[in-house]
Amino acid sequence: MTGLPRMMIEPLVRAALREDLGQAGDITTEAVVPPEAFAEAALVARQPGVIAGLDLAKLSFELIDPAIETGIERPDGSGVEAGETIATVRGLARGILMAERTALNFLCHLSGIATATAAMVKAAAGHKARIVSTRKTLPGLRGLEKYAVRMGGGANHRFGLYDAVLIKDNHIAIAGSVAEALRRARENNGHMVKIEVEVESLAQLKEALAFGADAILLDNMDPNGLAEAVALVGGRALTEASGGVRLDNVAAIAATGVDLISVGRLTHSAPALDIGLDFRTG
Amino acid sequence: MTGLPRMMIEPLVRAALREDLGQAGDITTEAVVPPEAFAEAALVARQPGVIAGLDLAKLSFELIDPAIETGIERPDGSGVEAGETIATVRGLARGILMAERTALNFLCHLSGIATATAAMVKAAAGHKARIVSTRKTLPGLRGLEKYAVRMGGGANHRFGLYDAVLIKDNHIAIAGSVAEALRRARENNGHMVKIEVEVESLAQLKEALAFGADAILLDNMDPNGLAEAVALVGGRALTEASGGVRLDNVAAIAATGVDLISVGRLTHSAPALDIGLDFRTG
Amino acid sequence: MTGLPRMMIEPLVRAALREDLGQAGDITTEAVVPPEAFAEAALVARQPGVIAGLDLAKLSFELIDPAIETGIERPDGSGVEAGETIATVRGLARGILMAERTALNFLCHLSGIATATAAMVKAAAGHKARIVSTRKTLPGLRGLEKYAVRMGGGANHRFGLYDAVLIKDNHIAIAGSVAEALRRARENNGHMVKIEVEVESLAQLKEALAFGADAILLDNMDPNGLAEAVALVGGRALTEASGGVRLDNVAAIAATGVDLISVGRLTHSAPALDIGLDFRTG
Amino acid sequence: MTGLPRMMIEPLVRAALREDLGQAGDITTEAVVPPEAFAEAALVARQPGVIAGLDLAKLSFELIDPAIETGIERPDGSGVEAGETIATVRGLARGILMAERTALNFLCHLSGIATATAAMVKAAAGHKARIVSTRKTLPGLRGLEKYAVRMGGGANHRFGLYDAVLIKDNHIAIAGSVAEALRRARENNGHMVKIEVEVESLAQLKEALAFGADAILLDNMDPNGLAEAVALVGGRALTEASGGVRLDNVAAIAATGVDLISVGRLTHSAPALDIGLDFRTG
Amino acid sequence: MTGLPRMMIEPLVRAALREDLGQAGDITTEAVVPPEAFAEAALVARQPGVIAGLDLAKLSFELIDPAIETGIERPDGSGVEAGETIATVRGLARGILMAERTALNFLCHLSGIATATAAMVKAAAGHKARIVSTRKTLPGLRGLEKYAVRMGGGANHRFGLYDAVLIKDNHIAIAGSVAEALRRARENNGHMVKIEVEVESLAQLKEALAFGADAILLDNMDPNGLAEAVALVGGRALTEASGGVRLDNVAAIAATGVDLISVGRLTHSAPALDIGLDFRTG
Amino acid sequence: MTGLPRMMIEPLVRAALREDLGQAGDITTEAVVPPEAFAEAALVARQPGVIAGLDLAKLSFELIDPAIETGIERPDGSGVEAGETIATVRGLARGILMAERTALNFLCHLSGIATATAAMVKAAAGHKARIVSTRKTLPGLRGLEKYAVRMGGGANHRFGLYDAVLIKDNHIAIAGSVAEALRRARENNGHMVKIEVEVESLAQLKEALAFGADAILLDNMDPNGLAEAVALVGGRALTEASGGVRLDNVAAIAATGVDLISVGRLTHSAPALDIGLDFRTG
């Protein structure tokens, strides 16, 4: 999905606003700001990055006051420089102040992920490898975080345990062999399900190819090992590198010819992008 | 609260499990792992840090299979070294594999926050200043994140817009003056509500003190400015420093004598602590 | 908060409508009233009082039929006489009849609380004491009830266990002393949290003042005792009287100079204000 | 239903506890009371009345700490005197203190309704008339309140708009006549639905009987009018008196021979029964 | 209810859309269809039948994209022939494709029930018996399914266990006799509740009549037995036939003079009506 | 998934019980059956079929009364004959009667689907084709219905729009060609996503194969056309037949060599399997 339909994000924004407002609401604004005060403000980047999450910021304001107008100047996926205006907000000051933090919490987190992804994509440029995210996401925010990865130029791996098979070392240990695990996975799943298997040796890799894996996960291998594995696969399956991927080694990993590089830290450790709300009038 | 009552965390854990399981469930494990397979595993730190979130990890396993036993060896708030076992898990392998990622996603995120907080607390040690978190949290996770800050030795600021008054620059601009904003805030709020006001000059600071602020927020001031302000306040209100606090400058900020140092990045940008689940038997 | 944002009241109104409509809906109106029948009606006070809850009444009609127009003539906080029109309602008769009881149940309950509060405030007039509500509210309705207290001229105490510390006799008994309880409360709570302590003797009162309580709860004391305590406090903390406050003794209590008088019965025992919906056309 | 199955009350108790605990929980108890402190306490009536709601009180404690034991001494429906112990509570002090107010809020409200109902039933004793509650209930609490009416010896009218037909003056005005309204109601509803009609004159009453009403609502009639109507009905339908029923006139109303007396104030205006939690050990 | 207010159906439609969209959304349409592509389409019957559920289909489209216009040509309750257009849909193609299956799943299921009901009603025509549905419905869909029965010309029995008494064989066995069961049912229920009792012999039938049953359930009787029972009742109560009712025997059952014929298969086994969405432009 | 974890089914069972109990509960059983009455009962098949849904039936009883014991004699996936006992139920009679209909509604619906699937699987036996279900499911019940298909020996196609790409005729029309639609689908989706395309001609089929479709949907083709298409594909992609599949033609379709036969009527039109609850003691 390239957009975020309102139906899918509205429950999250409502929950976040309730978390901030509690039962008493914004006791500062209600006390200090008169109901008729009008304000214009701008969402401004304090550092360079890639934007994601404007629909959530916009909806934060709208759910508090449907009359607040949000004008988007740098849509999701755009790169911004420090000081650039991302969007403008106009309406009654009370509503803007009440929704401000919730809007920013969504926008800064998701833009942080998009920015980290874009940096990784750029570092790996020139090779065919796609940067993909994992299931190492923050509870309740997975759909949003995977969207932010796409806005940064990355792609998605599984959304959950339910949409593809990934056979890991522990599954293989229990099943007894790569071959047996693959056989069970294929027999017990529908035809639209792809199967990936994690291998730890060339022997396992050969077994995986022989028994029809759609993709091979090469975890924690160094570039030499990856290159050897990629050569052995020879295009018969997709190859995915994972483990310890950083900005300073992603180019070397990509150069091995792997199809995919998965990076958990894009979603579990990307720092927020610093964005603020500047009032132009009060 | 030093603990997290099950009633408060259960909805979050259920939502996280549903996010990962979807409607089809763990299609890898169901296909590959026989129902009777038993496993023992350990949650092991891959890097040093401070632990937070074990109740959530434990509940992740229990909600999938109440018969899974989790033995906690390093409770929340403990420091751990790389390689140390934090907890053990015993039970049917299917349940352990189905809940693994959800358990880790909670534990790694919250331990990351506790670890970042502990580092900041340590860096500011020797001064009276407390390290406090802000409302810059990830949507839906605020209560947990503020708990993690406490496990790391930090303290909490407001939980939301509802539990204390914080008059910021935009409020003051609309009200016309610090004095008027304070007057309105006091008149319109209950007696159990504390009032903090952000000041940008010594004149505003004097006005805040004269009109009875309980606390003074000193945003983006350098240590000299902070020290001057602290001296001027002279204990008549609490003083809080915020803005641009980092590990390398927090000691200098603390040395100014401020009572509180608030750090947004503890909750919005702390990287996950690397913790894994190692199977001992399959 | 002086208003009730739609986002905060909508879940309550939806739940109340579902409670009344069940799965089959309004089987009387659906059977008897043709879809095109139009009606005008008025919400009319049957007895004098103070109004609170019009946003909830209005939303009750709107959620059933967005085309129903509600015109508010006496907004929340207004005093009304018996026979006065509070608001008018115009639209298709079916929707008005379906939402009527839900709208009135909110409006009569909250106006009852506002009316009881206003009477208490009037009885205590001429003194500085504010009339405040407690946590003795009806389950699920606390935020609304505390809003109604404000509409009647009262103020709020804690909204819940989470937003301020109130150390009661049982806490003191467990902690061992007022001093120790205060010490623990301050050490384990953030700087924006106020601390009130209930005292049962002058010795405890002195201890509370010595150890920095922000407010003193004087429970079930007679006016003489209250006056003595107020004198002893001498403005160093807020003083709150509670227990057995009635319309016929609240003036005497206020005359003792206490800052606050808390009254549980405002929220748990205020009788509904009698308001009816009169159809002008059928 | 004479009992309240846990499945039906659990969502209400959970919501009430969350309302009181917020995200930060009981910040007084967590700070002041050590985790291992044990307590025994008793729910004690401070005034005479009839008990209702013990299952909700018990569940309030259990949801916070399943190990808390509640021993019921005076079950729902019992009369109690001032000073009598209704139930005992034993367990860790933290949990008891955290759940105390929620437990009491349910118990005092519902016991207040049961007590008011029992007084009305007693005042009308010696006649066949049953005291019944109406749809004038507090939003979200209808099922509980109607249960409390039964515990006080009353009976229930409709639970909502969905379970029986009640044709009121406005319905008749729109339909054109009592006869037409009755015809439409019968034609458009299932065979298990009873139909009651409000009449304002003897002519309407005769029409209602002629067209097969199951019950006749006699609103705001004086005892003479009621007696005349009851005689005219002659057992061909149930008769219900409503409007302005008080303790001091209910006997006269019952003496007219009506089958039912409906009283809105039982549910919308009954004052809470004063019940407290006394700690025996700390 | 002859209509389905949006407030009552919106939660069901939202849940159904979420079930189909998951976290990733419509990955086919998002990838393949450009955001600006516009489409017109028609909901077309592929076989003859009776329509029910258009409000749900319409809302499915609207919740995805409020700008999609749905023009209803054959409203709920209409008979249609194969090839007839039921409604038209115009708007952005993405939204139409995303909501298509959810809209059809509601519409085909409910129209299937309406169609099956209409066939049964037609087969029983010429007699007074009404065709009624039971509580044998699909979990979560009862309100909708009972609405569909009405659209097909049938009527409703109980909506749930809560809105009428139906004493079955097991209740009688436990109570000891029909008389005792009836006595308990009347004593413990409100005056607006009707009581039906299932009888298995003429002796039980006489007992039921003697003790005031409002309706008699005659389960699994052949037409001769039914006719005998109807004669014996002689209009003193309603009579209901149930069990094994099919299109080929319903006329014979109706001819016995019973008032009601209840048919579980209308709601638990009616096949979907085949309706498709034909795109006119892409 | 071969099982249904309690966490995933509990919300559905709770909702179904609430739908049946409303606010007043089971007013027949509460009135007629004494609290201490004990009962034993058996779930008995009234016609031959395949069982699915016992976990839901069991949980229906447990949520009403955890002390009710359900002993499963014929687990999900078993074939049963008319008269066979599927499970036994022992406990207090009230709970068994209150949960009976909800338990049966789940069990009869899902067993009906399993039975219909098993019949289709048997009719297609001797060929490699798997019988698969579609997204034509009843709103809210998709996960359960797809589980029932598996219990009947079938397999699953997509669970929703989110877990695989299926390019249909309308997508192709908008994209301009099969090739362009496939290119967009691959470019915009993750590597673990399979892509199926519906073709309407041999030319489209060749295009789909040339551009890398994982599966080919052959809609509404006769057996000759299917056989020709299968031959042309030659194992380069999976082939799926759909449209108008019935018990009397599924063998002919399977004989064409297609890999998959998808059947919407398994989930949207399978009649309930007739199962009853027979009380052995009252």
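Order of writing sets the chain letters: A, B, C, D, E and F. Residues in each chain are counted from 1.
Assume contacts are C-beta pairs under 8 Å (C-beta built on N, C-alpha and C of every residue); 3 or more make two chains touch, one makes a residue touch a chain.
If you're wondering where the values come from, they're calculated on a predicted model, not measured in any experiment.
Chemist: If you apply the touch rule, which chains end up adjacent to both chain A and chain E?
Modeler: Common contact partners of chain A and chain E, which must touch each of the two, are B, C, D, F.
Chemist: If you check the contacts of chain C and chain F, which chains show up for both?
Modeler: Touching chain C and chain F alike, sorted by label: A, B, D, E.
Chemist: Considering only mean CA positions as chain centres, point out the chain farthest from chain F.
Modeler: Chain C.
Chemist: Could you grab the centroid distance between chain C and chain E? Build each centroid from C-alpha atoms only and quote it in angstrom.
Modeler: That gives a centre separation of 44 Å.
Chemist: Rounded to a whole Å, what is the gap between the Cα centroids of chain D and chain E?
Modeler: Those two chain centres are 33 Å apart.
Chemist: Which chain F residues touch at least two other chains?
Modeler: Each of 2, 19, 21-27, 30, 98, 142-143, 156, 159-160, 162-164, 188-189, 193 in chain F touches at least two other chains.
Chemist: Is the way these chains touch best called a line, a ring, a star, complete, or other?
Modeler: Here the contact pattern is complete, since every chain touches every other one.
Chemist: Inside the complex, what are the residues of chain E that reach chain D?
Modeler: For chain E paired with chain D, touching residues are 2, 130, 132, 155-159, 162-164, 166, 188-194, 196, 214-215, 238, 240, 259-260.
Chemist: Under the touch definition given earlier, write down the residues of chain F that touch chain E in their complex.
Modeler: 12-13, 15-16, 19-34, 37, 39, 93, 97-98, 101-102, 104-106, 108-109, 112, 135-143, 159-168, 170-171, 173-175, 181, 184-185, 187-189, 193, 264-265, 268-269, 271-272, 279, 282
Chemist: In the complex, go through chain B and note every residue touching chain F.
Modeler: Against chain F, the touching part of chain B is residues 14, 17-18, 21-27, 30, 35, 63-65, 98.
Chemist: Enumerate the contact residues on chain E facing chain C in the complex.
Modeler: 1-3, 5, 7-8, 142-143, 146, 156, 159-160, 163
Chemist: Any idea which chain C residues touch chain F in the complex?
Modeler: For this pair, the touching residues of chain C are 19, 22-23.
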